[in-house]
Amino acid sequence: MAHVTITRPTTYRAAVIGTGFMGRVHSHAIAAAGGTVAGIAGSTPERARRAAPALRAEAVFDDIGALIDAADVVHVCVPNHLHAPIALAAIAAGKHVVCEKPLATDLDTARAMTEAAAAAGVVATVPFVYRFHPMVREARARVAAGRIGRLTLAHGSYLQDWLLRPDDDNWRVDADKGGALRAFGDIGSHWCDLLEFVTGDRITAVSAQLATANRRRGGRDVSTEDIVTLQFATAGGMIGSTVVSQVSAGRKNRLLLEVSGTEATLAFDQERPETLWIGGREVNGVLMRDPDHLSPDAARLARVPGGHAQGYQDCFNAFVADTGAAIAGDAPDGLPVFADGLRAARIAEAVAASARARDWAEVPA
Amino acid sequence: MAHVTITRPTTYRAAVIGTGFMGRVHSHAIAAAGGTVAGIAGSTPERARRAAPALRAEAVFDDIGALIDAADVVHVCVPNHLHAPIALAAIAAGKHVVCEKPLATDLDTARAMTEAAAAAGVVATVPFVYRFHPMVREARARVAAGRIGRLTLAHGSYLQDWLLRPDDDNWRVDADKGGALRAFGDIGSHWCDLLEFVTGDRITAVSAQLATANRRRGGRDVSTEDIVTLQFATAGGMIGSTVVSQVSAGRKNRLLLEVSGTEATLAFDQERPETLWIGGREVNGVLMRDPDHLSPDAARLARVPGGHAQGYQDCFNAFVADTGAAIAGDAPDGLPVFADGLRAARIAEAVAASARARDWAEVPA
Amino acid sequence: MAHVTITRPTTYRAAVIGTGFMGRVHSHAIAAAGGTVAGIAGSTPERARRAAPALRAEAVFDDIGALIDAADVVHVCVPNHLHAPIALAAIAAGKHVVCEKPLATDLDTARAMTEAAAAAGVVATVPFVYRFHPMVREARARVAAGRIGRLTLAHGSYLQDWLLRPDDDNWRVDADKGGALRAFGDIGSHWCDLLEFVTGDRITAVSAQLATANRRRGGRDVSTEDIVTLQFATAGGMIGSTVVSQVSAGRKNRLLLEVSGTEATLAFDQERPETLWIGGREVNGVLMRDPDHLSPDAARLARVPGGHAQGYQDCFNAFVADTGAAIAGDAPDGLPVFADGLRAARIAEAVAASARARDWAEVPA
Amino acid sequence: MAHVTITRPTTYRAAVIGTGFMGRVHSHAIAAAGGTVAGIAGSTPERARRAAPALRAEAVFDDIGALIDAADVVHVCVPNHLHAPIALAAIAAGKHVVCEKPLATDLDTARAMTEAAAAAGVVATVPFVYRFHPMVREARARVAAGRIGRLTLAHGSYLQDWLLRPDDDNWRVDADKGGALRAFGDIGSHWCDLLEFVTGDRITAVSAQLATANRRRGGRDVSTEDIVTLQFATAGGMIGSTVVSQVSAGRKNRLLLEVSGTEATLAFDQERPETLWIGGREVNGVLMRDPDHLSPDAARLARVPGGHAQGYQDCFNAFVADTGAAIAGDAPDGLPVFADGLRAARIAEAVAASARARDWAEVPA
């Protein structure tokens, strides 16, 4: 017999709603995970039609309800203020949901979405995708194994420059569409998620400042912040701080997280995601992503040998693959779900409250 | 009307022959390019069957002729000594071919394969995939535009450590399967291809040394080299050198290329592929892969914003996509074809001759 | 005539009080500046005698008053709580003074010392020596020239690990000898000085947290902090933050200062003091300390060509040379004087008050 | 008794001949070592007089013989073709000599100088000062202790850009004053010295190419090379290569040396001299110059704590201090003497012969 045909049941028929950059990233990840993009919808039918080839869409829908019906999993990649209605509709239809962060533009809505997903028993995930860098997993495994000792200090930054100039503009700048906290909601939430993910610890109180470097963009006043500075304390006894900015010239996507304990320090830089810096009193280590020398959860996410760089799309692919595994009944370690999105909303609310009151604000567990 | 179905004709039905690491990388790239893996074959039917899910194969073949017949494009991912018979069979069947490098274990065979592909009029490409790092394209564009001035010096290295220990072993170690030149054939050829690709210049003479650090592996004598040092001169008047090693502890895939001209220096490091170093007398520049600030051919290959790392698989995806475009009748810039594989074989032969004679050896144009 | 004898009047006859590491650094700088160490005194006469050769001392004194009388300039290199009595005695004797930081262990004493020096009309300097890295001067010149634009954000850290372990000990750990704030007084003050020096701006309010990682050292309780996190706002409209730690494994003397404006970002790392990072939207620059391409004040402090590293002792030498120039009647730009030491004490008091009250604290101008 | 006067016999009364940049560096090092600059001479008496303050000279001589008579140690800091007559005169007068490299512009003269110094029994040293970076000593100690394993490969580069432009000029460009080999004699010799110093191995054969990027400078033809590429083999069984250039834009003084053995790799970068990179299969190390964690000979040369940078002048100071120790009868480890300068001349002659003949050339032991 010359050949055997392989039948692979497609378990991941996705709807992708939103056809911008994030829609393309989601679609590519769906294909990489062996799924299909059963249909897409965009802000206009024409846009969706033009985007269809790049998104490998099997169909273009102009009715979102029909699109939800046609899919098993709904990927919500639209501006923030539209996350809730679409995600809630998908959940109501019994579909699994992947919803971009921030889940919603206010805490109550994020809570409602999380509760709805839980009640419906669907898989509902949020792409805190930096969790899927193998070296982030390695950092987490080393903390968990006690190799860093008792944690004492965490600090870092998340810096970008794409909104540096007064004529740089985006829907995220508008509080109505993106939410009242922009830089923090968009990228600061990633930093806090990574901190809590790597350390297994929880922020309990924050003290923050907000600043808007460009008070006008696109001919209108801007109320959302360009810069956040943030101090915090944790349940486990760490103190720390971070800086978030979208107006730091020369920094493209500089997420730095440094965690110090009584035995060692770990530092991860998202612009160089293939290495983990391990500070020691006698010698510092630079661990490269060589699957032969990583902890199991990090090695699991290493797809190519050390020195052959993995990147952002690889993280996204792994996130969608793990979402698929959860739908199939597995419980992949570290999958970010709506509860994590809700957690981010809680921290964001405390940051806003602290800055407003110029005082420390508690973060509920 | 609720939706429009999109019909995408599959123009890229691929056979993947060889189910190891490279087979997986090729398969992922085929899927990312919108193609399908119509069938696979491996060293044994059992291995192929086990690999089928990871390779998204639609069928597993135990007859390679039948597999070739079932595909439009044949990806040859087997040990080096098997490249020629399979690629020639595919060409004879009128199929397009993607053949791993080195094309063959000797120059004459590489020439025969190149001539056969040309005679058959098929697209025949070789994955010199580092050409698909956007920053490599940026370097090439800057040289071509004269921004580096008249080129005077090129140097660098390609260093790995996966064969450091006497008990590290692989089919590439055997001259019968991998060819007489191992380190140079496997990775040195990449360096030379990148040099000529970035500079548009040609090596005309080489002087080389070979060394075998571990003379026994796996209980048998080893004749292939672990280390190469290489000097060269070019048609355009540069001199230069490189070092190739598979036994350099701590270097995973360290391909460094530095090119100096009368105006500036460019340096590219494959372990940090997202930046290009631009040396200047007054200030040095570090250009990040931000598509908004790249030359057109580099921007074309940038899939995600600056600071969101692209990696090895992204290069491979772009290579296969461009192979697909060539099959569709386009002429994508910089696509590495069998003539480039033949070029690598010519340089390799001169390297071997130089080392043997302990003298300079000419490289035919 | 075969030769001409050169008569150089020694204008810098120094007393060095304190014979530890800082005493050696001061003595070397005095010699490098062409001065002489007329005499030294230590915690015991025996110690001073043993240290004399390394400090090039012309004499060893056991009476500090006599030593002050024998010198033109008195270098105070003793534990912090002894700074004031010695410096005030030197000032009372009409001598110039170089006093280690922090000037005193409380604000009132620092103010009294500053006023005494002003009243006496002597030169009184404080070794905020990082001001003497040429690339710090370059950063300052670029800010002053408007090349960074309107400043919006400053952040960074000052991290060490020499007090990581519970058995690491030093007089600085005792509040009685070193002052109530230890990490901030010892190194945080450097960071704040550098911030204000480079930007020409002033911190107006701070919000801080303190933590003591090791609550016992050397068999006694520790009240001084190992870690500080600090947020601030400035008169010029910047916000910012910094992290100070003496228990960050792997960080030896990591003073990082990053300043962002509407046009560019500057970053200086004291562990790599020969370069200045210049962030830009299109390309980042790495400026090396090549005197041919620096602003005048930076070029003035460049003693060797680019690529031939300058270091900590070179900074100290330049600081003492500028102190000597001030004594000779010049007004060298950027010389840190007692008013700067007083400024540091004001900020330290606000940091302590903020941490105590868990609230923002104003910093008087 | 209030004080004890310390009498330090001045054992190091130096003559400094040559008042350019190197003369200043030597003079500073003499002072740092506790010596005195008894007298100086320059290319003209006026120049010497102007330079006297910067060189802390006690006298200016216009007769070199008289200057030699007035000193115990003669520092020869003049253009290369003048090294031999002055050094030989000093040796004939029974004086110790510190002579800049290259010792002479031809091998025979270098040999005669070395023999003369040996016959006279004077201390005669050559400032291969990069040997005095503590991390170079650390590398050497680790090789000697077998921590790198059996050495297999050495490579690197020494790159500068100060002669990049056709209008950059210097006496070194003239073969009559600087010698026939310029880039190799000036900086390549440092690289080879460091290689042999760190590894304890010897180059036995070389194959080199020379290139002159700018064939005219200052209105005259240039015969000396701007660029060298060099392959070599060693007595111990290593192969290797290096690149030397004075026209590599953006590289100021980039001396890189990487040595690989069967256990580990070491890399030293003179532009970042405070760290040593230690490549390993599992994790790479970055060792900082923290005296508490260095081998004895490295710790001996560490003058300030880790993180407080040491630099070029610190190396020079240590070199002169060790020269002084040798004069005093000690035998400091690693002091570069005329035999090392002669060794450099032998390698240079082989490099020139190889390039001329386009063939390998042996290097006599």
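Labels for the chains are A, B, C and D, by order of writing; each one numbers its residues from 1.
Everything below uses one rule, namely that a contact is a pair of C-beta atoms (placed from the backbone, for glycine too) under 8 Å apart; a residue touches a chain by one contact, two chains touch by 3 or more.
Keep in mind that this is a model prediction, so the values were computed, not measured.
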(Q) Which chain has its C-alpha centroid farthest away from the centroid of subunit D? (A) A
Q. Which pair, A-D or C-D, has more C-beta contacts?
A. C-D
Q. Measuring from the mean C-alpha position of subunit B to the mean C-alpha position of subunit D, what distance in angstrom results?
A. 42
Q. Taking each chain's centre as its mean C-alpha position, how far apart are subunit A and subunit D in Å?
A. 54
Q: With chain centres taken as the means of their Cα atoms, state the distance from subunit C to subunit D in Å.
A: 34
Q.
Among all residues of subunit D, which ones touch two or more of the remaining chains?
A. 251, 278, 281, 284, 288, 290
Q.
Quick check: in the complex, which residue numbers of subunit C touch subunit D?
A. 1-6, 8, 21, 25, 28, 31-32, 34, 39, 49, 52-53, 56-63, 66-67, 70, 160, 162, 251-254, 270-274, 288, 290, 303-314
Q: Over in the complex, which subunit D residues touch subunit B? Could you list them?
A: 152-153, 155, 157, 161, 164-165, 207, 209, 211, 213, 226-227, 229-231, 233, 239-241, 243, 245, 247-251, 258, 260-265, 277-281, 284, 358-360
Q) For the complex, which residues does subunit A have touching subunit D? A) 278, 281-288, 290, 293
